Amino acid sequence: MSSEISIEALLTRRKKGHSLEAPFYTSEEIFKLDMEIIFGRHWLHVGVEPDVAEPGDVMVVDIGKTSVIVMRDDDMELRAYHNVCRHRGARIILQEKTSVGNLVCSYHQWTYGQDGELLFAEHMGSDFDRKCRNLKKVHIRSVGGLIFICLAEEAPEDIDRMAAAIEPYILPHDLKNCKVAKTVDLIEKGNWKLTMENNRECYHCVSNHPELTIPLFEYGFGFAPDGTNPKRMEHAAKYDALVQSCHTSWEAAGFPSREVERLTDTTGFRAERLPLDGAGEAHTKDTRSASKKLLGSITERKLGALSFWTQPNSWNHFMSDHIVTFSVFPLGPDRNLLRTRWLVHKDAVEGVDYDLNRLTEVWEATNQQDADLVEISHNGALSPAYEPGPYSPYTEPLVEKFTEWYVGRMAEHLLGKQAPVGVAAE
Amino acid sequence: MSSEISIEALLTRRKKGHSLEAPFYTSEEIFKLDMEIIFGRHWLHVGVEPDVAEPGDVMVVDIGKTSVIVMRDDDMELRAYHNVCRHRGARIILQEKTSVGNLVCSYHQWTYGQDGELLFAEHMGSDFDRKCRNLKKVHIRSVGGLIFICLAEEAPEDIDRMAAAIEPYILPHDLKNCKVAKTVDLIEKGNWKLTMENNRECYHCVSNHPELTIPLFEYGFGFAPDGTNPKRMEHAAKYDALVQSCHTSWEAAGFPSREVERLTDTTGFRAERLPLDGAGEAHTKDTRSASKKLLGSITERKLGALSFWTQPNSWNHFMSDHIVTFSVFPLGPDRNLLRTRWLVHKDAVEGVDYDLNRLTEVWEATNQQDADLVEISHNGALSPAYEPGPYSPYTEPLVEKFTEWYVGRMAEHLLGKQAPVGVAAE
Amino acid sequence: MSSEISIEALLTRRKKGHSLEAPFYTSEEIFKLDMEIIFGRHWLHVGVEPDVAEPGDVMVVDIGKTSVIVMRDDDMELRAYHNVCRHRGARIILQEKTSVGNLVCSYHQWTYGQDGELLFAEHMGSDFDRKCRNLKKVHIRSVGGLIFICLAEEAPEDIDRMAAAIEPYILPHDLKNCKVAKTVDLIEKGNWKLTMENNRECYHCVSNHPELTIPLFEYGFGFAPDGTNPKRMEHAAKYDALVQSCHTSWEAAGFPSREVERLTDTTGFRAERLPLDGAGEAHTKDTRSASKKLLGSITERKLGALSFWTQPNSWNHFMSDHIVTFSVFPLGPDRNLLRTRWLVHKDAVEGVDYDLNRLTEVWEATNQQDADLVEISHNGALSPAYEPGPYSPYTEPLVEKFTEWYVGRMAEHLLGKQAPVGVAAE
């Protein structure tokens, strides 16, 4: 049975251009390694600065069994700590979001400052050394207002490269001066990698996303015509011309737009600003802006959508009027949580400047459609009859990039730095 | 702890005439072997031809994590395929029953013909070889209208012997011209073997099945008096005489009736037609037919009930007016699904020829009573205090046959062909 | 990962004065050992004699997967048997409480006498030896009306010492002539040891138990001032004087009161009678008796509360008018059942002599508060960031005694008799 094959062997024999072998999606053991290696040692997309807008604002983020306090201190700095009391281990912050002065454990009132220092612990006597009982820190970093954390002792340094490359794209959207209009949590009944693979292609869009394909062209997410259909070739060429012309005019107007693709970096990412169909303004059912107040100093509504993807767990869409961010949190080999946030200008007023339903309806529908696809994929992978199938080189090259990144990251930690992984498909 | 004893050792030391050691009922590991060996390499009873009566009719059957498409093609042939897309593994058919032309995967629309061939896969380029991406086949076989499938590469060949022996018994009931009047799924909270053991004896009937024992004599399912009770000896002798006389007259009328018992064959089975109490017509509360329309060309209502059992997972009752079939599908070491179907003549009209409640009430009540017994047996087997107890040689010989079959099948695959298994009880 | 460290190593390196390493709270494997060693070989507090007051009364107690029949026979003796039929292992008694003549298995009616002997088994033939199919016995023992059972072949003998030491404290409360006014089962979402640790200190009382701290002084459960707060020193000295004077007068009146502490014995226990605040009568919101009828021949309402703790799984409070008992039953590494019973004089009439809500409200609120603390502790222990923290030597010495007992008991069984366990904290 394949469950008896070691992960080392599975990594080594991974067939390039193909979906993974079943245990990568279904095994409890590999899930633990995913949490340890992928989610334990890489930068994770966990939220946005407006989640903790004010001094003392706290947001709790759970990465598997690791609970993290993300907070803004009174000096407006972002801080992150393990949500585990240094006395007898109780969780300190119990709500998902709250606002605090100090961090006080409810069990026996041990009290930590915003800098994580243990300020007060009653009944511990005069010999007790508070210094070695401070909260354990977690790396935290904002990239253009998107919050990333890393649970490892040493966080990957190439986040600097990502930040340098990507902030010019993001900053015009002025995320820090947005507000979260809505957050929705959706449980997807499949492995987190199936959720990511699903996100990395639009091969499935036409037949599964009636709402999303109003604004979205199916081209543009690694899509190229396979040469077998002349009509499609023509469409694709037309689309290509549109992209070129948009890029030229947007970049001239100060909005970096051309593809930057570093998906197989340790801190892998990709960005590109793409035109939208119809009025070309936003991911809405009528393709017009969802919010009247444009972001930052943007005055042009037809900015298309800047898509920014990060490995292992996010995608984000920046439009002229609103932003949608998606973070994936694994819950088990067969379940993950997709957290979606819609952001509008902080001064936009609900009911006046934007209608919440109009803002969110396209992605709420799309997310559920994708969750259903993830579930049927996961159920398929559970079958002993499942075997890896070929990704389309024309519509799924970025799925392969995700999978390649995953296999490479696992291999580096399990097999050593320069381990060759994967075999070419015959 | 017994969980540390190898299954090989447990098989070898199995005490004949006794229930199994606890791990056979409770261990996750042995459950996986059950699914691999018993349910993975034997013929399984999964339904009846009327489930897929028309061209294009599809029924999905889940054997553990293996999902199987059972369908009737446009040439009226039965077909079975693994319900796993050869692209990225999604389940193809999502409903339990439906009707289709081709088999189309909802994820990226790969399209398979009724013969399992991949007909269409967009965006795969001109190099792509569709031939090696057909649906994987599953063995399928109808025995007198009962559908059996086998998940193994090579299916046991002795199903031919079973078919030859049993079709003369079944065919007069003309199952193919029946319709499924009702299907009921019941989750039983116990190991599937406890459900089978429960079915293989009527020792428990008198005190647990007030409805069933109206038509059913407790004798006749491997029951023999133990010689300690003269009154019971007398009853049993009387019953024996009744059976003899029924067999003689039924067989003269063209209804094979005498016991055929091959329970320890690879494709193990047993059949016998037995008289019923009261009016002697059917498993109903008043022992009269449930449906006015008799099956096939049957004109005699008092045909008793032909019981046909198969290893590992079914029992079936054929009466002059209706048929009841039972398939057991394991869901985990501690849960199984019992699927019961009631069939009547396809021209019988509900409310006119039969009343659905009258048709089903005896077995609906009986199934629930048995499910309760299975649950308390399973809970008992979980206790460290449980140890195998003796089957009654007078009322449980066919339970022993089931257990012997199970142990023998497991041993053949785990210990090799002629491995002796089991030790005589001291 | 710590889950790969052997329990032997974890026991050996246990840091004294600190909470346990995470696997002791979270590992499935250690939970199984807890059930085998701690709950399988020690005396467990499972109920009170009034639970089975009358001849034939039966109570079923589940210790993990082991189901035990606790009953009173017609000679008024307490009996305990494994609730597993010796035929095919079915559970015999299905209700939590009932009353029986013989013990009859519902599956095939095997019938056992109150002495556990198999009296009747039909269809087993004349060769069948009933003698070797009696119910398996479980040790049972009443200590002052509290029922203890032990699942081991050989039960620890030092229960005699506990009984001798403790019955003088308990007997004046005449538990046998009480009735159970209410039993409440509460599922706590944490390891059973976290529930016990929570119970063994009152460091958390002031900030978590607004109801309980009306009658209860926070001192008195291993509490001593740490010398850093002069006002607290004064309070503690005052409390100490109160305890001394109460002890003197109560003992003179025939109520043993001074602390007896043998928490690290095999059958570990501790008892002390302590004064209550306010009117000093009972654990009620107004600190007055909950029941008008005092227990036994008690005439003095202000008897404070006698707390009697046993390892591994109980605490009990005896007051002049009522008794509250608590038994902890593990359900899994992350769940346990807390069963609380409130007892009053058997002649007390609800609505006349006592109000049920007044009787139970303090502990119902307190239990829920403690369950919440147990849950946040368990969630903390699940985090990879958790590490054992220091118990306060001033408020948590009895938590350390519990943990020391646990580690010692596990070590004796896993490492051998005199194994040294634990290392001093640096």
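Here are a few things to note about the model shown:
The chains carry the letters A, B and C, assigned in the order they are written, with residues numbered from 1 in each.
Note that in this section a residue touches a chain if its C-beta (ideal position, glycine included) is under 8 Å from a C-beta of that chain, and two chains touch if they have at least 3 such contacts.
From a predicted model like this one, the values you see are computed outputs, not experimental measurements.
Residues touching across the chain B-chain C interface largely differ between the two copies, under half of the numbers being common to both.
Relative orientation of chain A with respect to chain B corresponds to a rotation of 120°, obtained by superposing CA atoms and rounded to a multiple of 5. With centres taken as mean Cα positions, chain C sits 48 Å from chain B. Contacts with at least two other chains are made by no residue of chain A.
Contacts from chain C toward chain B in the complex involve residues 32, 36, 40, 65-67, 82-91, 94, 106-109, 123-126, 128, 133, 136, 151.
Residues 1, 19, 197, 203-204, 207-208, 225-228, 373, 376-377, 379-395 of chain B are the ones that touch chain C when the two sit in their complex.
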